[in-house]
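Here come two complexes built around subunit A, the first alongside subunit B, the second alongside subunit C.
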Partner chain A sequence: MPSATLLGQALISGVLAGGLYGLLAMGLSLSWGLLRLVNLSHFALAFLAAYLVYELGTSYHVAPWWSAAMIVPAMFGIGVAQHWLFDKFRVNELASLLITFSFAVILEVGIQLYWTADFRRYETEYSTKSIKAGAFFIPVLDLTLCIVAGLLAWGTWLWLRRTYVGKALRAAAEDPGIAAAYGVDHKRLAYLLSGIGAGYAGIAGTFIALIATLAPAEIWAYLGVVFAVVIIGRLGNPLGALLAGLLIGASESLAMAVLAPAWAPVVSFSVLIVILLWDPEWL
Partner chain B sequence: MLLEARNLHIGYGDAPAVWDVSLDVDGGEIVSVIGPNGAGKTTLINAIAGMLRCRRGTLRFDGADMTRISAHAYCGHGIALVPEGRRLFAKMSVEENLELGCYLGKARAARAQSLERVYGLFPILRDKRRQPAGELSGGQQQMVAIGRALMARPRIVLFDEPSLGLAPTIVDDMFEIIVRVRDEGAAVLLVEQNVLKALDIADRAYVLEQGRIVAQGLPADLLKQPQIREAYLGV
Partner chain C sequence: MNAARDLPRLGAVLAIGAMALLPMARLPAFYDSFLYLVFFWISLSTSWALLSGFAGYFSLGHAAFFGLGVYVTADLTTKFGWPFLATLPVAAALPALLALGIGAIVFRLRRLRGELFALLTLSVTFVIATIILNTPIDGGGGIFMSAVPLPDLMPTPTGTIYLLGFVLCVITLLIAWKVVHSRLGMGLFAIHDDEDVAEAKGVPTLRYKLTAFALSAGIAGAVGGVHAMYVGFITTSGIFELTVPLYVVLMSVLGGARSWFGPAIGATVITTLLYAFISGGEAMVGRAIVAVILISAILWLPEGFVPAVKQWLARHRRAPARAPLAEVAPVVPAARPVSDTVLLQVRGATKRFGGLQALGGVDLDVRQGEILGLVGPNGSGKTTLINVVSGFYPLTSGSVSVAGVEIGHLPAHEIARRGVARTYQIPRPFVNMTVLENVVLAATFGMEDSSPFRWGGGASPLSHFVRKWPIRDGGVMDDSSDAAHDPSVGVKRRHLPRRRGRKASEIRDEALHWIGFTGLAGKEDVLPAGLNLHERKFLELARALAARPKLLLLDEVLSGLNPAEVDNAIRLVRAIRAQGATIVFVEHLMRAVVELSDRVAVLNEGRLFALGAPRDVMRDPRVVSIYLGKAYAA
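Moving on, here comes the complex of A and B:
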């Protein structure tokens, strides 16, 4: 059995890593839950953003925060454009899976053509900074990611609960016909939501650039675990997505510390299966 | 005339379900459409609510040509639907369901006032306002569906089979509420299988069979017609 310090550090690292799962899951969960579109290209968009942050930072010395300020609105535009295609071709839930998969493959190939398949690492002054809390180390970037993810999740949740637009989106997800009869222009709201989802991919991508090593094939590395996170967190629930992300991140990390690193991928789906079977009421 | 439908043809896919239907509703009246299951009553009312497109014919509401506007604009003109089977947003709270009724401009500005009116009409909903609408009993859900329509501050309320699946004691209350909606100023178009009740509260009525209007007039006159007595009252 590993020491308490190691376990504690594993828990902290896991929760912080889970923040990225949650952040990636949020955009996916919104479009799946509220628009019935499963957007596999969400991961590719995040990596496109990550590569752009990397490129702007290494070639043009733009600070990552400034890059994000440019890239996130651009991603919003890409999300809107993507939804225009879905709308034009009346894409349904199943077809969206296939089409966005092909988007993702195209983006992956594009990234590979421009940046090659080599591993890229964006070193910044923040990369190695960490805060020491007792016996534990908390990396500053991971902590920032979690704070940003938390604020976004909470803000989005409030937006969906408290505003008319949010309520209209939830209502249209349940019964688009009746929502329209009460004046909800679902089409327009869907564009907005797609843009927001892609914007979240941009934010996630910024952190991926800062924290992870980039390679085109890494696009698919998050797919399985983030899908589990989306489903555990309940479709269309941003707070649920974040909490599920933290839960999975922590369980993975603890499994790695207690058992062996190879166990990590087993954990997310085991947790998913347990939760689906158990179906606790508080979820 | 507030609502004026002329020669409407409505259908799903290739099969028309309603042929050549003309119907009027004036302000302040209750107009009932009766007819057997499958006669096209729901199709007709959904088209008037904007949820189905008319293939032919004209639909005018307060002078505006409704066949040219999109589905989500009908409510803003003052048309509110209480749909068959209630169709509440089951996962959302009672109050959120009501708020969806006042989603649009002017109605939204009157939200607080409208909520008070609905809670005054259905006090039980005030106690349940935080509960998911799907957890309510059938009668309470029907109250939410009617409340949602009233929140829109409509000039006409379309009721589609409001008594379906409700306990008999509650059915009487529902019809009382419909009369009250009319008395408070909105016109009512009511589609019902409960023929006696529907004719009892109506100012005028239409009989729809197999997608066509086969009779119309004052409820008392319709009740005198032997074929209507035989088909709908079994006497």
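Moving on, here comes the complex of A and C:
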């Protein structure tokens, strides 16, 4: 059994890593829960954003936040364009899964053709910085990510709960016909939501560029875990997605510390399978 | 058997034989391995379609079963010294068992349909890959197969692998063909369209899904076993790849996942395309092109290539001359009086949904041959009572018995087989099946004449009527061998869907009879989308009647019909009763309730409120007050 300090450090880094899961899960959860579209290309969009941040940073020395300020609106546009296609062909949930899977493959191929299959690492002055709290180290970037994810999740949650647009979106997700009868313009809102979801992919991508090592095949590395997070956090609930992300991150990290790093994937899926079978009220 | 029919079959056998012996021609190894890959993908995509295409449970976990098969063969040959061929049955059996295990848990959850099933199976793949990687099954270093001897079935090793791949491919296609042409396939297609209705019509949905899942996984495992020898060096990252589920889904969807040979066509096209790019050194571009094809296929050919061609052919071909309808026996008016025997007995039936009590201890007896009208205000529990009797909802407490046999806790398909049929207030036809296929399904899976729970009177009250028209082969309606229960046995014996010793042609005649009886003649080949509400309601009736029920539960058959159609429907219900069926019907239209019912039961707030002759009940001030308020009760 590892020492308490090690476990504590594992817990902290797990929770922080879970922030990225949560951030990636939010966009997916919104489009799946509120638009009934499963967007597998979300991961590829995030990686496209990450590569762009990397490229702008290494070749043109653009600071990451300026890159993000350019990339996120562009992602919003991609999200809107994607939804235009789904809308035009009246794509259902299952078809959206297959189509966005194909989008992801195409983006992966594009990324690989331009940036090659080599691993890329974007080193910045923040990469190694961390805060020391007692016996534990807290990396600054991971902490920032968690704070940003928390603010986004909280903001989006409030937006869906409190504003007319948010309530209209939730109503339309329950029953588009009835919502339309009450004057909800579901289609316009769907474009907005799809754009926001893709925008989140842009934000997540910025952090992926700063924190992780980039390779085209890494697109698929997050797929399974993040889907588990989306389902555990409850579809369409951004706050739930973030909390589930933190939970999964922490349990993975603890499993790595106690067992062996290679066992980590089993954790998230076992949690998912157990929760699906348990079928609790809040799911 | 005449020669004209045997000729194509003979040709097929000869062609298969020639294909099997192709390696004898000592073609360059390139051809052997290219064709092996085609067979490999045909087997995988066809096996995937058995569950996911036919029954609509999309699995993204095919790599789990395939990969397990790969590792079974790899481990048994290299670590335990088994001969290669002897490992293949195990490579098939373990994945099949795994599928049964997953299915036994997952298929019981109603909410785990669609994308959740897809993602759950995907998760299983990751879990299995991780376990294999971290245990001595792989150990992290991969497994070399080069020392494993390959049997000399063919002059060259690639030839031997070709032959094994080909044999598996033929077996897979045969299984798919037999499934499509059996009760199992019919049931799976019904599950695809509407699982609850399939269950209510007597399809043992859980068992069928498990059978399809196990077959699908077993084939994938056997294919994996052979593939272990083809690959030579096995790693978890190479075997549990996302490309396996991607390509399998793509090939099946492109070719047509609801057809037995659609996946094979999709697999051949895609494999050829991929191979062309890989040999040109453009593997990445190849993947992108496959992705573009998938997008285009889903947007423009959502049903797949084979169904699209079939529809096109059907449109450009004149409808074949149909055999004349079976003679409709004249309706004998009310020949069977209401007897004193109680057919349906409900005692203390209680149903709660969380805190909401929909039924609070209902006691009700329905006599044989009776028409009982079930009325009450909205939310009084009428439809819930129908749902409980037909087994759609399990009872919270209480009991329901039909002809003395307790059915309250049986699954819905068992209740259907014991002679209870129902209709739905909002018609729920199987949307991808024609009118005829809808009714044939109900006739195939409906009441069992020779059920071990044979009730006092013997055969269904409707069966004397059915027997009036000619039955070929001396009318073999009973077949009490229990083996006939088993769908797989049915698959082995005959190609055509059959029901307990009855021929497909008999079932078809019977279905045509009920289609004529409900006035839908001429619409046999129409899809439900082409029917108006009135016709859809009558299709509901035809399906219920084709099951030859003892007890017929009608849920608002008249709602939404115009006055002329209502008259028509009332005549039809009378005619059904004249055959001796017992009918419980929920209705809001008082004219129909009074005209049809022998007795009327009034439900209010989940309890039996009044029971008696229609006119008496309708004049009861208490009944008037719950409908119209106290002011009108005087």
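Points worth noting:
By our rule, the second predicted complex is superposed on the first by the 278 of 283 C-alpha atoms of A that agree within 3 Å, B and C clash if a C-alpha of one lies under 4 Å from a C-alpha of the other, contacts with A are read in each partner's own complex, and residues count from 1 in each chain.
The rule is short, and it goes like this: a residue touches a chain if its C-beta (ideal position, glycine included) is under 8 Å from a C-beta of that chain, and two chains touch if they have at least 3 such contacts.
Source: prediction; values computed, not measured.
When the two complexes are overlaid on subunit A, subunit B and subunit C occupy overlapping space and clash. Look at A:Gly224: by the touch rule set out above, it reaches subunit C but stays clear of subunit B.
Contacts of A:Gly134 after superposition on the shared chain: neither subunit B nor subunit C is touched. In the superposed model, A:Lys167 lies in contact with subunit B only, and not with subunit C.
When the two structures are aligned on the shared chain, A:Ser102 is found in touch with subunit C, with no touch to subunit B. Of the two partner chains placed by the overlay, only subunit C lies in contact with A:Ser270; subunit B stays clear of it.
Residue contacts after overlaying the shared chain place A:Ala180 against subunit B, while subunit C stays out of touching range. Set against each other, subunit B and subunit C differ in how many residues of subunit A they touch, and the higher count belongs to C. Stretch 559-567 is the one of subunit C that runs into subunit B, the other listed stretches 217-225, 343-351, 505-513 or 559-567 having no clashing C-alpha atoms.
On the subunit C side of its complex with subunit A, the touching residues are 58, 105-106, 109, 111-112, 114-116, 118-120, 122-124, 126-127, 129-131, 133-134, 140, 242, 246, 249-250, 253, 284-285, 287-288, 290-292, 294-295, 298-299, 302. Interface residues of subunit A facing subunit C in the complex, by the touch rule stated above, are 32, 38, 89, 91, 93-95, 97-99, 101-103, 105-106, 108-110, 112-113, 220, 223-224, 227-228, 231, 260, 262-263, 265-266, 269-270, 272-273, 276-277, 279. For subunit A in complex with subunit B, the residues that touch the partner chain are 164, 167-168, 170-171, 174-175, 177-186. If you check the complex, the residues on subunit B that touch subunit A are 49-51, 70-76, 80-81, 83, 87, 89-92, 96, 99-101, 103-104, 108, 148, 152.
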